[in-house]
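One chain, chain A, links the two complexes that follow: it is found with chain B in the first and with chain C in the second.
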Partner chain A sequence: MLKAAYRIAWKDMVGDLRRRSSLSSMLFFSIAVLVVFQAAFEPDRQAAVKLLPGLVWATMLFTSLMGLGRVFQAEEENGAFEGLLLASVPRGIIFLGKWMGNLLLTLLVQAMILPLTMILFNVDAWHVIHHIFGVLVLGILGLTGLGVLLAAMTQAARSRETLLALLLLPLVAPLLIAGVQATAGVMEVDGQPWPWIKLLLIFDTVYLALAPWGFSWLVEE
Partner chain B sequence: MAKLAVTGLHHRFGRHKVLRGVELSMHSGECVVLFGDNGSGKSTLLTLLSTRFALQKGQYILDGLDSRSQGEEIRSKSVFISHNSHLYGHLTPVENLLFFTELRQLDCSKETIRKAIDNVGLTRFADRPSRWFSAGMKKRLTLARVLLAKPTLLLLDEPYSALDTQGVTWLNNILADFLSNSGMIIMASHDPQRVAALSHTPLFLKKGQLSTKKEALSC
Partner chain C sequence: MNLLARIQRPLGFMTLLWLGVGLWMVFQAPLDFQQGNSVRILYAHVTSAKMSLFCYILLTITSITYLIKKSETADIISEATVPVGAAFTAVTLASGSIWGKPMWGTWWAWDARLTSMLVLLIIYMGLMALRSSLDEPLKAARATAILAIIGAVDLPIIHYSVVWWRTLHQPASFGGSSGNPSIGGDLLPPLLVMAIAFIFLGAYLVVVKAQEIAALRKLEALDIERMEQDD
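Moving on, here comes the complex of A and B:
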């Protein structure tokens, strides 16, 4: 059954790379946000270190929203979503596949954007970049889990991207706060990131445990 | 014992009652063609039998499986070809069918998939994205799924639309083959002439009930 989830994720990734839709727009959007922040604040090296956690998470949130808004786009063509729901696999597996596709896309964008942010803001935190990325991964797991569920919920709405942002932002606010604090924690020499990382893990567990169940309930007519 | 049994099937959309106690029973190798006006509930009935919609009232058994508790198993034994092709335009026919077979957990090699594409007459287009295919080509590709899945029950909603005369003959041959291999077909159609070549039982859906007679049923 996991093969079916993998195949759904593969289909989404291939579709995105062939159409160059979400990946390129997420990348360009991130770069634009970073350039605007750099031009607006012109931070020195010390200020940049303080700015970085918030900047990384704000960029991640906006780019994720962009990707989540399009997560069910391919399914609108030729009634493909109906085709997915006619598959002889549990609905949770369909959710898992859609989530994995979006997760991989978001991780790919963040893997490119994080070093770029550090270069653009001249932040000397290369020795902890893997820790920062690790914290980001924890945040992305929960954010995309809840995001794909809400994207499924709003896919039929006329102004779905606005609705998605309206629903998602209040629900992920605690996760974002934990993510920013954990990132700041891993960047400081005597920082205390663990309580925040534990909180991130709790959010991930809750979101990822409830989302497949919520999706199954949502698509049942 | 019937291979497919539907008893007391009711369905409503909000306050609008579409099906009011549909009864249907079928055996292997049987083909039922549903006729009825637009909005009479043919597509709704097919969608219910595909288990895409949950049953509101009544019972549906396929091959001993109850749709209320064994929907996944029923989906693995049936293929529903609706008005939508369910194809992904960015994928080629080979990739689309590979995706279909893996979602249904069928053990099909790429050679088997290519053979199915040959059988529906799309050999030249096997590696081109299906986005630019005509409606008839999409229909053929959709029907290639039947050849791969070999289902017990085939649900077809207006299968002759978008097919030319040759295509209609070709489709009837495929469906006749399917029936001779103990498959069951339930088809919704507006076209008695095109389906005439296929041995079938016509049923008429009117006022939410099925009848063997064309005249209106009493409620």
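Moving on, here comes the complex of A and C:
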């Protein structure tokens, strides 16, 4: 069963790496966002430290919107979505595969962007970078879970990328709040990230439980 | 649908009656000694805030009903409830701002309740945008129903995360707005009457809108039928 999910995720990843479509556009988009933030706020070293959690999360959110907009693009263009649905596995497994593909892609981009953000903004937090990334991973789990479901919902819609952003951004407000606070918490010496990490975990659990179910309702004949 | 047509007029009369009595009571009620006349805004503000949540509860129920029973009536009521809920949310935010400017000295504060209300408004807008941008009616109905349920799960999380954020991060901006201010005895009866009036108003608006949507769908079905006959 899970094998089918891995296959779908693998197909998406390999397809994307070969065409370098989502990966490179997400990377360069992230860098563009960072340049915009630098130009807009011009933080000095101390301000950059305070700004970093919000910066990392805002960049991650905008970039992942870009990847999510393309989750079902290949299927949509070639009319292959019906074919995928014909596969003799539960719909939840198909969702799981699409989700894992997008999750891997987003994690890969973030793993490259996070150090770059710290270099570009001169933030010396290298000793906690694994903690920052860990918190980011917790956020990405729930974000991509909800995001892939909303991408499936909007794939047939007109102006779907705008619609996806309109639907996703308010719903992930708790994730953003908790993520930024938790990141700030792990960066400070006596910070308290735990309540926020718990909130992230609650969000992840709720959406990863809800999304496969929602997907199978959505694509039902 | 027949039922809706039958209750529309009585509902309208009840709305007028209760609103009339309610407004009269509101202007008879004593002034707050600190807030003066602006306290009267709260009779519309509190009631529409309750209605905006009430509409979302109704929307959740009809969405679940639609997904399980596939009844078109449930979908029509869902579609009708969204703009009504959005209107009540917008009224809540606007009246709150108008009250807040003289009382708090600011139009807006990122307080827990205000933030959740704003997010609720965006979710209502998203539901309308999703339905209008999907061409296939069946897909649109299913997608909006699922989104409404996701929103219902998300709203408490949003609310509590904002409350935590505002209390852990910095003390609540305005003491009275986050606690439950007690209401003086003289102010309570008009508030209750206004609440009943707003429930009738909400029900009336949903009924009117639902009939409009039902009529539009019938028209569209007739259109398709005619085109098929022409071919």
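Heads up, the rule we're going with is that the second predicted complex is superposed on the first by the 220 of 221 C-alpha atoms of A that agree within 3 Å, B and C clash if a C-alpha of one lies under 4 Å from a C-alpha of the other, contacts with A are read in each partner's own complex, and residues count from 1 in each chain.
The rule is short, and it goes like this: a contact is a pair of C-beta atoms (placed from the backbone, for glycine too) under 8 Å apart; a residue touches a chain by one contact, two chains touch by 3 or more.
Everything numeric here is computed off the predicted structure, so don't read it as measured data.
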item: Combined model on chain A: chain C and chain B, fit or clash; value: fit
item: Chain B versus chain C as contact partner of A:158, first or second or both or neither; value: second
item: Which of chain B and chain C A:170 touches, first, second, both or neither; value: second
item: Touching partner for A:199 - first (chain B), second (chain C), both, neither; value: second
item: First, second, both or neither for A:86, with chain B first and chain C second; value: first
item: Spatial angle chain C-chain A-chain B, Cα centroids [nearest 10 degrees]; value: 90
item: First, second, both or neither for A:77, with chain B first and chain C second; value: first
item: Chain B versus chain C as contact partner of A:7, first or second or both or neither; value: first
item: Nearest-approach distance, in Å, of chain C Cα atoms to those of chain B in the combined model; value: 7
item: Overlap of the chain B and chain C footprints on chain A, listed as residue numbers; value: 220
item: Of all residues in chain A, those that touch chain B in their complex; value: 1, 3-4, 7-8, 11, 14-15, 18-19, 74, 77-80, 82-90, 220-221
item: Chain B residues within the chain A interface of the complex; value: 50-54, 72-73, 75-76, 80, 82-91, 95, 98-100, 102-105, 129, 138
item: Chain C contact footprint on chain A (complex, rising order); value: 146, 149-150, 153-154, 156-160, 163, 166-167, 169-171, 173-174, 177-178, 181, 195, 199, 202-203, 206, 210, 214, 217-218, 220
item: Chain A-touching residues of chain C, taken from the complex the two chains share; value: 67, 115, 119, 122-123, 125-126, 129-130, 133-136, 139, 142-143, 146-147, 149-151, 153-154, 157-158, 160-162, 164-165, 168-169
